[in-house]
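Each remark here refers to the structure printed beneath this line.
So that you can tell them apart, the chains are marked A, B, C and D in the order they are listed, and the count of residues begins at 1 in each.
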Amino acid sequence: MLESLKQEVYEANLLLPKYGIVTFTWGNVSGIDRERGIFAIKPSGVPYETLRPEDIVLVDLETGKVVEGELNPSSDTPTHRVLYQEFPTLGAVVHTHSSWAVAFAEAGLPVEALGTTHADSFYGDVPVTDALTREEIESAYEENTGKVIVRTFSKLGLDPDAVPAVLVRQHGPFTWGPTPKKAVENAKVLDVVAEMNYHALQLTRADCRVPQYLLDKHYYRKHGAHAYYGQAQK
Amino acid sequence: MLESLKQEVYEANLLLPKYGIVTFTWGNVSGIDRERGIFAIKPSGVPYETLRPEDIVLVDLETGKVVEGELNPSSDTPTHRVLYQEFPTLGAVVHTHSSWAVAFAEAGLPVEALGTTHADSFYGDVPVTDALTREEIESAYEENTGKVIVRTFSKLGLDPDAVPAVLVRQHGPFTWGPTPKKAVENAKVLDVVAEMNYHALQLTRADCRVPQYLLDKHYYRKHGAHAYYGQAQK
Amino acid sequence: MLESLKQEVYEANLLLPKYGIVTFTWGNVSGIDRERGIFAIKPSGVPYETLRPEDIVLVDLETGKVVEGELNPSSDTPTHRVLYQEFPTLGAVVHTHSSWAVAFAEAGLPVEALGTTHADSFYGDVPVTDALTREEIESAYEENTGKVIVRTFSKLGLDPDAVPAVLVRQHGPFTWGPTPKKAVENAKVLDVVAEMNYHALQLTRADCRVPQYLLDKHYYRKHGAHAYYGQAQK
Amino acid sequence: MLESLKQEVYEANLLLPKYGIVTFTWGNVSGIDRERGIFAIKPSGVPYETLRPEDIVLVDLETGKVVEGELNPSSDTPTHRVLYQEFPTLGAVVHTHSSWAVAFAEAGLPVEALGTTHADSFYGDVPVTDALTREEIESAYEENTGKVIVRTFSKLGLDPDAVPAVLVRQHGPFTWGPTPKKAVENAKVLDVVAEMNYHALQLTRADCRVPQYLLDKHYYRKHGAHAYYGQAQK
């Protein structure tokens, strides 16, 4: 069932170690079939070296129940599910503990847009959520992790398609995109821009945020109807 | 004698270069057979590329004497022995000079629990010991290194099973676990969380320690009777 | 047409991932045939793993129009063109988003000449441009990126042969050289000296710029009629 | 002539890229035959990938003239020669531009002994020289580089066998040892301890230098008649 989605999710999971954004089993990728209302996700705690396409677990979006698969799905499955439910354009979700992004999450700081490398992928700062409360942590923790992300985007008026990344405070990054591959690329970009941002912040105390018109230029050079980067418009 | 333990310790030693937490021969792993009261440890100064399972040295826990092996055991053997004697649940001990952990040991600072990456493996801050005194260094240095670790855990009321890692001040990390493989994984986790912690500390002067209920949630998500991460409970 | 130039530009583009100064497709190399007034450049958004010599696009220097090639040229083509037009000695141009150089570009700081590693390749500080204005960004953005580089060199009285690198503020590095290979080497050197410079700046607040006579010594040890580094003068 | 020395020097040069302490051709290793008064050194500017044992150049210690070899010797040859002349116990000399060591050289700071990792190889701080004067740079620059190293050791009363490393201010590290392999290992250790030291210095303003008795313990654990690390004493 949904063999090609499982294959796609499997391959995207293997990109995490390839891109150097995962240690041990600390990351997972899911992808969704919106028509069927089913998403495919990495099983919990399985090393990438031994992961097989048939290990990918299928989960029902509405009920959150496993519909196919021998293994337990990622313990972060309820977070993925909330993101799919609340952000209806998402095709895939990624969670990692990549080092630079986690450093910002631990410090409780957004990854501000300081340059074109950032603006090419994220249309503005990548926000950091509030810390979860004791109550949120002790009950339905992973679901509440999804909810605090949604609340952050709502409060800041952010479009998840334009800013496909977030830092959960005291925890780490979640990213997303139209496809599993693109969502993993966003996870890598986030870590790279967090690294650049970190070093820029150590070099100067000046406010280095780029102006809105630079965000507009670079983001729309690569996204939307007037994009002119790459070969698509050829 | 104890061929499977020697094989296990041999393989765990090879994980040190694989995980990028060792330079030259600056690391060693041991594992213990509690029933026989014998532990197996890397020989001193032997490069990982030429190490063979039969080079692993067997040491008597009670006397500290070599009971099998042609080579000298690690010069850190007396430290391993004290840890096995004083922390009776340990199945394996690891010592490295991994760069991020050493930086904290040199600065004399604990690796504070700043996020879930930390809490998944360590139930609270990874402590730093006092510096050894002149007398402790000049007599039975390696044994006293073990003792200052035990004293630190005692003074802080820490459970070595819950916090399977320590920084010896001016020196570097020791970690442990139920098996050699798990103890090496803890050595890698410690270096990764030290790296994240370092960058978070440079980004902000705010106190970023996570609250106790987050430690509880993440630590017990992966450990103990109610763990629900991974496939064990399936 | 211009097969050997295309081959040379192709090979130089592959050096970007080899030298670790590119993520995804964030970099491009071009080379010019000055006699014919044609330059060869990487196509836009094509991954290095699948790039072929025949994919390299040929562009007319005077008109900026593609004269051969199925694919769109790099979106940065107008920047390359301005540099070739205004700096007539250039044989090749490189653009990357290498992490250390970008950090300085984001912080709006030049990479100062702090040592012989720098002086061996760059005869003085690598300058940072002004930020582009809203008008410059909204009209002919990539062309204006070239113009702000030229303006910076003119204002500072710099010789582009002696300082074959620049940081475009809020963006990243451009480097150049007599050949595509040499221009890519300059891109790598720039990232390495930016890394060294960053760490030196964190270690001390003293002014560490090297004196002019050290610049003279090291630069002319490797460049010009009296160079005595390497085998050329043998 | 001196085939085995040339082979040894060749192999030690290849360790520089293997250990990740060299970019392009920015490093060189030499070794000496004290009986014949001849040292063997890397040719200038030759990439490590194409270097062959027969390319190694033989130089007369007394005259500084090439006695065998088709290629120009390293431009740093006069520095190596001064070190061999003034430090008569040296068997090999290494020069690199490794990133962490250069950062300290650029900042004009010694690499202080902050831990056992340092003390295992260097019996105290690794010193930084004064900057060369204009006159020293403009005449016999490379020879004067050797002289400022010797002057620094003399002024500080250091034994080059006990501290087999130095930072030349505004330039980078030179290390040495009894053999080419050991001298390259010292170059790697220096870069690793500089990295640890850098991070420790960013973490705290406390003075973290280790006491003399720790230096004594760790240095003499690995060196001299009472060493007990490794297998030599077995």
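Assume a residue touches a chain if its C-beta (ideal position, glycine included) is under 8 Å from a C-beta of that chain, and two chains touch if they have at least 3 such contacts.
According to UniProt, the chain labels map to these proteins: A, B, C, D = L-ribulose-5-phosphate 4-epimerase.
Because the structure is a prediction, the values reported are computed rather than measured.
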| item | value |
| --- | --- |
| Shortest chain-hopping distance from chain B out to chain C | 2 |
| Label of the chain whose CA centroid is most distant from the centroid of chain A | D |
| Intercentroid distance (Cα basis), chain C paired with chain A, Å | 33 |
| Averaged-CA centre spacing for the pair chain D and chain A, given as whole angstrom | 46 |
| Per-residue multi-chain contacts in chain D, two or more chains | 202 |
| Chain pairs that touch, as defined at the top of this document | A-B, A-C, B-D, C-D |
| Residues of chain A touching chain C in the complex | 114-117, 120, 185, 188-189, 192, 195-197, 199-200, 202-204, 206, 208, 210-211, 213-214, 217, 221, 228-231, 233-234 |
| Residue ranges of chain A touching chain B (in the complex, touch as defined) | 23-24, 26, 43-46, 71-72, 75, 97, 99-100, 102-109, 131-132, 134, 137-138, 141, 170-172, 198, 201-202 |
